[in-house]
Amino acid sequence: MARVVLKDVKKIYPGNVEVVHKFNLDIKDKEFIVFVGPSGCGKSTTLRMVAGLEEISAGTVEIDGEVVNDLQPKDRHISMVFQNYALYPHLTVYENMAFPLRLDKKVRVVDGKEQKGYTNDQIYERVTSAAKVLGITQYLTRKPKALSGGQRQRVAIGRAMVKDCKVFLMDEPLSNLDAKLRNQMRAEIILLRKRINTTFIYVTHDQTEAMTLGDRIVCLKDGYIMQVGSPSELFDMPANLFVAQFIGAPMMNTAECELLKEGAKYYVNPFGHKLVVDGDKAKALKDRGIESRKIILGVRPEHIQLAKKGSANSIPVEILVNEMMGSEYHLHVQTEDGTKLVVRIPTINLSEEERKEMVMGSKINIVFEGKAMHFFDPENERNLLVDEIYGPEAMQLELEAEAKAKANAEANEVPEEPAKEEVKAEEPIEEPKEDIAEK
Amino acid sequence: MAAEKHSMSMSKKKTIVNTVSYIVLGLISVIWILPFVFLLLKSFDIGNTGVTKNFIPSAWGFDNYAYLFSSDCNFLQWYFNTFIIALFVCVIQTVMQFMMAYTLSRFRFKLRKPLMNIMLVLGMFPGFLTMIVLYQILKTIGLTGDNAVPGLILVYVASSGMGYYVIKGFLDTLPKSLDEAALVDGANRMQIFIKVIIPLCKPILIYTVLTSFMGPWGDFVFAYTVSLGSQAGMNVAAGLNSWLSPANIGSHFTHFCAGGVIVAIPVMILFLFLQKYYVEGVTGGAVKG
Amino acid sequence: MAQLTDLEYLKLNKAQRFGLKFTAFFKAIPGWFKNLGIKIWTFMKNFFWGVVNFFKNLGLTFWHGDWKTKVSYFVMGFGSVMRGQWLRGILFFLFEVVFILYMVLFGGKFLGQLYILGQNESSMGDDGTIKYGDNSFDILLYGVLSLFFIVALIYTWYLNVKQNKIGEDYVKAKKQLATAKDDVRALVDKDFYKTLLALPTLGILIFTVLPIFFMILVAFTNYDKSHFPPQNLFGWVGFDNFGLLFQWSNSEGASFSMTFGQILLWTLVWAFFATFTNYFLGMLVAMLINKKGIKLKKLWRTVLVFSIAIPQFISILFVSNMFQYPDGIINGILSTLSGGKLLIDFWGNAWIARITVIVINVWIGVPYLMLVVTGILMNIPADLYESANIDGASPWQQYSKITLPYMLFITGPYLLTSFTGNMNNFNVIYLLTGGGPKVQEYYGNAGKTDLLITWLFSLAVNDTNYKLAAVIGIMVFIVVAVLSLVIYNIIPSTRNEEEFQ
Amino acid sequence: MMKKFIRKSMILLPALLLSACNFKFVYNIEGLPAGGLDFDDDIEDSGTYDIKVWVDDKIVDLTKSQIGQFVTASGGKYTINATVEPVDEPGAASKMLLDVQDGADLFVFAQDQLSRLKVAGSLAKLSNTYVDALTEEMGIEAVNAAKVNQDVYAFPITSDNGYFLYYRKDWVSDDAAKNMTTLLAACAAAGGKTLNFEAPSNGFYAASYFMATGCTSEWTLDDASGKFTGYKDTYNSPEGLIAGKALRELNTSTVAKNSQASKLGDTAAAVVSGIWEYEVAQNRAEKNGWELGCAALPSFSVDGKEYHLSSFDGYKLLGVKPQVDAKKASVCRKLARFLTGEDCQTERFGEASWGPTNIASNQSEKVLAHKGLQALHEQHKYAKPQGQCPGAWFTALATTATAIVKAGSDGEVQAALDTYKAGLNDLLDAD
């Protein structure tokens, strides 16, 4: 039940290793936000800074309007679920869940009466009701050792639940579970979220979890925010090649080629084929007045279809590997110029004959539409159709702006004004983030 | 057929190998046990009180044990002294080592590395060198001679923080997220130490208690020095050791053996019961270096 | 020689690889020295600037500080009390008071004489009385303690000044200073380590650091039987005692340096054999017990563990007497078996004694090693052996290609500590042989099985030759430290401790 | 298990603590008969004193009662709170060196520690009055044993640190025991029984041969520093060679055994040892029904010439620590004098068989009846006082003796002796 604001948060490890760079984020009350990124991207570190388990090297973290930098974790009104559950092995499930309540010695008013901490009855009440919700009532007397992974994770969640908290933190809670259990628990977390109805920060390296759980996703790489937005934004309009390839499975196909503007029409020429860009994408390109240039073309595997031989825009490819996934084929194919692509074909649309064709070495034709194309700048890997700048580049701009402002401030007799200007120049970078946050 | 033959010779070979193994193991056991059997036998020898060639006593009897508990001999005094020392040392030393180990395992502070390095370097100095200084320090506080028992406890315990390695090795294997979970749950560091970490350390706790309980039984050099002749401050090792001086060995060797048996028995019983934990500690300690 | 790529390296045979490593090792040596030089230089530089900044900051704090801070430079804790941090303030103040009391009442007089270690000799009267003069020992000991105290005071004083600075800044910034209650709370939470460390480090400081410091200083004095307090004074002699270590000119026999050299050599030989015989035999026994198909594993193990449980001074002293010549049990058995012809003087002949000591040490050490090795053997993944079996490796090959390398890797640091531990294995040598057989050509009544540590002990206790004992102690330290450093850099398994967490 | 154990220990604990407290021995008895106590000086020293005494385990109780006698004899002039602790002689010396101030006021130590203790300031010098009295009562040899250079530093308490020959009479006749050749022959005749004589491996015994042929080894001790600064040694002389030959000869015998540990009457027919073996030997003899013989060491002959084995006269001394308080110093000296006086020595002989140094006590009937002491007295004629020499000298001599035993020829014997002589410089203290 609290807004969490991270302002210019940095994490610098001894030896001047900066692992989180000027992290800015405004998490709204009751929002479910997911930090996602490959390992070592700083997502857990950031979460732990919010929790108070890591020192904040620079910047501030606010929870519910209060700067919590110097507060101990216990004073931050947070709950947290850990990747390896972190259940106390020597305590029963019940005592594990009661642990935070027993430690709480704050004075509070219950039923009009002032009391210190919780009474035994209240603890019982809370623990059993949480256990009921999580379906672990029958395990309350057991030690964690006697539980399965999924049950342990429920206990861990239960322990976090029983406490009154403003922010609910989860650090890769599902990554120690097997795939099937993970799907199940994912659904339960969604239900849990409805029940608890508080601010969630959820860290994962799994893009599926991020997509399914998050109201908003923060995609990170090397300690930089690569994009912030709703799941569909990240999927449909990835701000850069990294996000484009990180979100979605299998990974987005890319090919270096040229964007050609011929009159009012745009073409791309991957693998020696000239394809037309149409629909929204063409319009967007036009609106931005983009001229012919080198690009990296991106197409998601699921946006590629099979085509009849010789049909318009079709591209002949050779199948290298066919992975049968049940509902779909993942075809690893090679174009005539040697580019390797992945194609995702739903099996349900295929005839028996067509299926027989999908074997190693056989030649097929594929096609993809203009609206499915993504265009990235080969230089900075930014999406040509997205204005926001993220990552190191954004940071660079910011620093430059600051330096300029400083230089101006020193040079000018009246330091205030130019500095303000520079701050304004910064705004386009900052504003879109705010926009997204308000959507 | 050939395969069958082969397998038969295999199993034959196995039997031979196993038989040889058992013989070797039996021999090893005999070699390791025999000295203690000799010790036990010798402690019942009342025919000759000195060192003898024969391990079978020429005359049997309990005289040597009777001597230990007679008023001619301060054995009981030494024994009680040592027992009290061992009792205090095992408690305080365990606490000190845990404090040190927990700190070094769980906190990151500026002086941590230097502290560990300093302790490593200090450990390389031969300990006996400082005996005379320790004696003077104890003397200044008035803990020598008759008061050697508390003095010895103090010296055994004071620097015991330096022996933190095994416990730290164990603590390092406990996931840090337990501490963090407890932190988030509202515990302060002291509560984490007492409510979360200590209960998880049972094996290593027992190991530490056991080893630190056994330590004082074996110190015959420093205890002898600190007691400065006082029987009230002498421990059992120093006392028994004095029976083996060239002047005494002829008349006291069997007493030494009987005393040795009495010292060994309680320690051994304790040890055999807690063997599991000891083995865990030793293995863990060695692997962690 | 051109730098080889990794792939080219793989093509080489063993000898070539060794040659390559060998030359690379020596080529790298200048680099080490360069790095060392750079490290020292940077350290000196940082140290210098650290000191400069330290004083600069002190001066600045005083100059800019308010009157509370200024008073605090003389009355510690004043500023803290005035700013409401009364607990810290009172502690600072108390420390200052204790320090002044200590110096005035006790430490001062020793500190004042530290440079000369006493001037007034004791004088003995004809009537059996003695008038004790200065006690060099006390002067040195309590002088050093006073020095420790002064260092502690300077540090505390510095903390006190820093507190004032922080206090001032906080007051200026209108921030809340930590109250006494906050301080106490921090001591069980954020600063809990300070609470935990206080007692152990204090103990180490007084009962380890102070004595070691003292004994190092003794090596630079003439503290021996003719300069023996309280009857006599001892004084500083500089490096004279260390000079004895390098007196080669006295070729006639038992000079100190020759004895030191010989005993050091034997100490190293002993440590080597004691470590590796135990290691390999312990491994052998462990593997035998853990062999598939061997029953009663627990019994065999318990039998061996039995011998750990009995205090060493009992078992070793008894065993030592078993090997007595001619009346020990072993000689009894030998003479019975040989019809009275064969008797061995185990402790009388240098080489027999040395070998016997090593053999008995096996008896002492193997059970311990067996436990260690068993633990590690269990951890070797079974599939390694299964795959080796499939590849057709013989038991010996399995041992030499899997077990041994794995063991060596895991136990590298342990081997090192047990090597240095054996160098200082006082108990075994002292209780078994007492260093004997003693020989004339050795200095200070040393014997053929004496280790540096037992020699040091007998020099100190029997000859009260503390100056040379201290020298030997320092040499032992240097040998152990150098060995540890070198080996630690060679063995592969010096792992980062954080990897375990 | 552990819990139970701890709980039980906690119950035991108070009992243990109680028993630990109840230990200090406080003596203040009056009304015992007066002994032969004479006071030689007249410092006004009446009062109460805490006096700490270290003596051997065997005479702790006796010493307590003798101190009681002293108090009684003083007629109430002194009250003494005596703490008598069992500390053996080497222990007493090393503890006095460790801490003079907390060490014992009176302590018994072996003669070879005298110079060390003196230099370290652990012993108070005796005034001439005492020296004269001691000389009169004990003879000059005993007093010399407590002398460092010109001054006397302790009270001789027993002279029985020397050694002599034990034998089993039905195997070795008294006559056979007089000569080494007959002695060895008798041993062999008794069925290969041995003569246990630790001559080669222990310098203390090896010196017997050398001193017998007239070799000397005298060491100069610097009074101030307590360091040995010079020596006069004739062990590599022709006389030394004779001794060496005899030593080699002895060890060629199959029945001669290089051992001290006694198996007298069992595998050994004769043993060279000190009075400390007497009780054990006597017990064995009584138990097994044979008669114990004691005699001076045998003589031996080399190249037709007869020599009588020599030995060291060993004394144990009672030292008095220098005191800060002159009155206490006076009392301590008086007490020491009392404890080494005739009555106490006689009593001590009776209780613990410590051979007296006092001439009068030596004449007592009991002493005269003691075979061991008589043998020791007989041997005394051939014995040399154990002067002050570096401790390592014994090691050096043992090494040499061992080399001699292994030597193949007289030339090698001489070579071993020359090596010994060359190495003596190293025994001197540095600087």
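In this document, chain identifiers A, B, C and D correspond to the written order of the chains, with residue numbering beginning at 1 in each.
We adopt the following convention: a residue touches a chain if its C-beta (ideal position, glycine included) is under 8 Å from a C-beta of that chain, and two chains touch if they have at least 3 such contacts.
Owing to the predicted nature of the structure, the values given are computational and were not obtained by experimental measurement.
Visitor: Stepping chain to touching chain, what's the minimum from chain A to chain B?
Guide: Each step joins two touching chains, and the minimum needed here is 1.
Visitor: In terms of C-beta pairs in contact, which of B-D and B-C ranks higher?
Guide: Counting C-beta pairs in contact, B-C comes out ahead.
Visitor: Taking each chain's centre as its mean C-alpha position, how far apart are chain A and chain C in Å?
Guide: Roughly 52 Å, centre to centre.
Visitor: Any idea how many Å lie between the Cα centroids of chain B and chain D?
Guide: 38
Visitor: Counting only Cα atoms for the centres, state how far chain B is from chain C in Å.
Guide: Centre-to-centre distance between chain B and chain C: 20 Å.
Visitor: Roughly how far is chain C from chain D, centre to centre by C-alpha average, rounded to an integer in Å?
Guide: Roughly 41 Å, centre to centre.
Visitor: For chain C, what residues touch not just one other chain but two or more?
Guide: Touching at least two other chains: 189-190, 324, 326-327.
Visitor: Multi-chain contacts in chain B: which residues touch at least two other chains?
Guide: 50-51, 132, 175, 188
Visitor: Listing for chain A: what residues touch at least two other chains?
Guide: Correct list: 72.
Visitor: Linking chains that touch, what shape results: line, ring, star, complete or other?
Guide: Graph shape here is other: it fits none of the named patterns.
Visitor: Give the pairs of chains that touch; include all such pairs.
Guide: A-B, B-C, B-D, C-D
Visitor: Under the stated contact criterion, what part of chain D meets chain B in this complex?
Guide: Chain D reaches chain B through residues 1-2, 5, 9, 13, 16-17, 19-20, 23-24, 54, 57, 85-92, 95, 98-99, 102-104, 261-262, 276-277, 279-280.
Visitor: Provide the residue numbers of chain C that touch chain B in the complex, in ascending order.
Guide: Where chain C meets chain B, its residues are 137-138, 141, 185, 188-190, 192-193, 195-197, 199-201, 203-204, 206-212, 214-215, 285, 288-289, 291, 293-294, 300, 302-315, 317-319, 321-322, 324, 326-329, 331-332, 335, 363, 367-368, 371-372, 374-376, 410-414, 416-417, 420, 424, 426-427, 452-453, 456-457, 460, 466, 469-470, 473, 476-477, 480-481, 484, 497, 500-501.
Visitor: In their shared complex, at which residues does chain D touch chain C?
Guide: 43, 94, 97, 100-101, 116, 119-122, 124-127, 201, 224-227, 257-259, 261, 263, 320, 322-326, 329-330, 332-333, 391-392, 395-396, 398-400, 402, 420, 422-423, 425-427, 429-430
Visitor: Sort out for me which residues of chain B touch chain C in the complex.
Guide: 14, 18, 21-22, 24-25, 28-29, 31-33, 35-36, 38-39, 42, 50-55, 96, 99-100, 102-103, 106-107, 109, 115, 119, 121-122, 124-126, 128-134, 136-137, 154-155, 157-162, 169, 172-173, 175-176, 188-190, 193, 214, 217-218, 220-221, 237, 240-241, 244, 249, 253, 256-257, 260, 263-264, 267-268, 271-272, 275, 278-280, 282-284, 286-289
Visitor: Once bound in the complex, which stretches of chain B touch chain D?
Guide: Answer in residue numbers: 49-51, 74, 76-77, 80-81, 83-84, 87, 132, 135, 139, 144-146, 149, 206, 209, 224-225, 228-232, 242, 245, 247-248, 250-251, 270, 273-274.
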